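Note that the chains take the letters A, B and C in the order they are written out, and that residue 1 is the start of every chain.
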Amino acid sequence: MDTAALLIIEVLNGIASLALACAGLAIIFGMMRVINFAHGEFMMLGAYTTVVCTKTLGINIWISMLIISPIVVGIIGIIVERTFIRFFYGRMIDTLIATWGLSLLLIGIVTAIFGNIIEGVSAPMGSFEVGIYNVAQYRMVLIGIVILLFIGIFLVLTRTKLGLIARGTMQNPAQASVLGISTQRVYMVTFALGAALTGLAGGLLAPISQVIPTAGAAYVAQTFITVITGGTGAVTGTLVASGVFGTVRQLLSYEFTPVLGGVGLLIVAVVLLRLLPQGITGKIFRRSL
Amino acid sequence: MTVLGVNLRNWETWGTILVGIAMVVLLFAGPHIFDLFLLFKVTLFVAMAILALSMGFIWGYGGILCFGQSAFYGLGAYTYAIAVGNIGESTAPFLLAIVVPGAFAALLGYFVFYGRLSDVYLAVVTLAVTLILYNFMRSTAGEEYVIGAQRLMGFNGISSIQPINWPGDGSAWLLPDEIFHLAMFCLIACYFGLKLLNRSHFGRVAVAIRENELRAELLGYDVRLHKLQTFTIGGAMAGLAGCLGVNFNSFVNPDVFALNFAAEIIMWTLIGGLGTLVGPMIGCIGLLMLKFEIGQQQITNTYLIFGGIIMLFVLLVPAGLLPTARQLGERYLPMLRADGAGDGRGREAAQ
Amino acid sequence: MTDAATETTSGTATGQTAGAVPILETHGLTMRFGGVVAVDDVDFSMAEGELRCLIGPNGAGKSTFFKCLTHQYKASAGRVRFRGTDITGSHTYQIARRGIGIKTQVPSVFDGLSVHENIWVAARRHHGRREANRIVDEILERLRLEGHARRVVGQLAHGERQRVELGTVLTGEPELILLDEPTAGMTHEEVNQTTDLIREINRTTSLIVVEHDMQFIKAIAERVTVFHQGAILIEDTMANLEKNQQVRDIYLGKQHAA
């Protein structure tokens, strides 16, 4: 019984961290079709922001994770978008190489400032007991935060003017600009929003992952595969794909080894895409967001 | 701008001859101008150039964006290491290192092309397969992971791999300069082999399919089969590169399946110029040299400089080195225009 | 490649001996997209050597019908027979090899290749290198494209691209050619030339032509099939159709009014 409860928590936690890591990419790649190879590095920046704010500046960890990390990475997103990314819109493959360069540069900058290692932060709050097991309360809170986050993203994209304009612009930039929308600004804001979400993810995952300059590499492949498998409905698709992948990965990791969990995720992705070439939302949840 | 474009035929012909001469000169002069350390390095570059060629072929000509070309390289490397560890004589391992990745590419290609899956799918699947191999290989450190007499060694990698020997005599190992010769010979063979292939019916259909799959089908070409063949050739060639790559330092580890290496191959091709054969080789050797150079400067930060250079490059030379050089050449050296549209001054200057 | 050649030859032989077999037949051909029935239970038949026009308002299912015939779409139901052979499940390339050529509505050409290369790739599938070169020159001349031979197709005007596409199709010497709006985007003069060209092609080849240009239809048509809402509404000569009130209402009337 305890084991089952623990397993459920583990699975939910796996889904939550994957969905969290993918959220920003669902916007930047899923909606904007910008292949951001520096996605992992944006997360890494979020994690560093949280670590520095908490450890060096002594700011409350919740404020660091939930507010400062997204703002800092969002601002970095705006700077990068204005000075660099915007030259590559519509050139998907060039974006790949451009953001690859960016990812290396960001790793380089962070290494230059903080060196190869930095003292990490530990998870706030204690743990509670599930039978004989100890479970960190933070992991439970994280699940809640991710649920709220996705509800928030969904509401912003469907219910607000900003969201509608952004979605319209991504679908038909020419038409949007005819209607008097500054597509440049929409792209900038959307990119910044995606970057901020990614920074938030980095911040929230900082206490439960290793914070090193090259930490981003671990996320790039998994997040891209998840968002692509999700299909055209970027947000819904990412959520569903995270659900499937997170479950598979966590169960396999529990039963066998984490390596097999990672392999299982990739195999499921291959099979899923074979069955649903347009991604999950291309077939099943059509007309979803 | 086109690959088969007649406008470029002069360029093509002269370029090919020039590249051929350069490669043959390097083949013979290499061991005399490089010291031993450098010779090892150049051998690795040559192996990587073959890998770059394979990518340039399947992507630039076949229109197949494979995100896991490194998987075939790695398979070639591991196949050689495992086979030579078991057999002890390198002829069969050498051939297996070409056949196994080729067969794997054929299998993967069958799955993708005959399933009528989208281009994005191919990129994702090849990347996923590469990472599966990465994860798997890293976890094979235990003694239970043995193929024949050869342990897989997990993340430590297989070291002291027996080098290639003269066919038939397992103890007559090739010396470093002989391995260099072999690698260089393979590169020349691959380059001219692909040149011929691209000029052949097969190669032209590959380009036609890249341009418009539907029209190719409507003309009666079996697009699936054709793409499968292109992909298989690329996989086999990458396997050959992997086999030569392990011979550079008798070592292979799972990093050959890592994401960074997979991405780098794509970067070589883009930086050198998509749709050419020389471009990817130039991009490959250029980036590798840059990496080595920066790596040797102990004080500076490799990531910072490397990343910065790539960002500047993609802003300034978005079309890639070779196509940009062509454009500049055609603008400023009118006599090189194949259609003879160059102005009088250009002609005089040429005479 | 040799297989395909023999296949085509033997196909011709059967066709000649069994002259009564229609060159193309469909039985209950149906194509559904979700809830929409784009092609609805179509029984279509045409004889060897015929030049058939398909007309009907936009969205009547003509292009979808073509795509089902060439297996670009997998039909939801029904059979397609070519010279009596069932080709329903055949792949697009196999259908092409059997001798059905198609010019699509939006010109489908190899944009990055030159005019010469476009037609060469088509010709080389059927012939050896030298013969292919000869045929390319012949086709270029026939379609008055010699002047453009070295130009990249992507840079040509719409009408010229149409001709390039037609050139690639003709190169295979198909026994049946499907032409989807062959005069779209052409100048008046080009339309006249195309009219002549189609008559000339029809001397050796069966043709199905989808068109909206009524003048053009009148100039070439023998029998006309009218599509309406995915189904065949009526099939008759052009002269009779013009008198038919139902046809005038749904199609010709609108055209005339416009």
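The criterion applied here is as follows: contacts are C-beta pairs under 8 Å (C-beta built on N, C-alpha and C of every residue); 3 or more make two chains touch, one makes a residue touch a chain.
Worth saying up front: this structure is predicted, and the values here are computed from it rather than measured.
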* Asked: Taking chains as nodes and touches as edges, what kind of graph is this: line, ring, star, complete or other?
  -> line
* Which two chains have the most C-beta pairs in contact? -> A-B
* Hey, which chain ends up farthest from chain C, C-alpha centres compared? -> A
* Asked: Any idea how many Å lie between the Cα centroids of chain A and chain B?
  -> 33
* Euclidean distance of C-alpha centroids - chain B vs chain C, Å -> 43
* Structure fact -> Averaging C-alpha coordinates per chain, one finds the centres of chain A and chain C separated by a number of Å equal to 50
* Structure fact -> Touching two or more other chains in chain A are residues none
* Structure fact -> Listed in rising order, chain B residues that touch chain C in their complex are 1-7, 201, 204-205, 207-208, 210-212, 214-223, 339
* To do: Would you pull the chain B residues touching chain A in the complex into a rising list?
  => 65, 111, 115-118, 120-121, 124-125, 127-129, 131-132, 135-136, 138-139, 259-260, 263, 266-267, 270-271, 301-311, 313-315, 318
* For chain A, which residues count as touching chain B in their complex? -> 37, 84, 87-88, 91, 93-94, 96-98, 100-109, 111-112, 213, 217, 220-221, 224-225, 228-229, 257, 259-260, 262-263, 266-267, 269-270, 273-274, 277-278
* Which residues of chain C touch chain B in their complex? -> 4, 70, 72, 91-94, 96-97, 101-102, 104, 108-114, 116-118, 120-122, 124-125, 129, 150, 152, 165, 168-169, 172
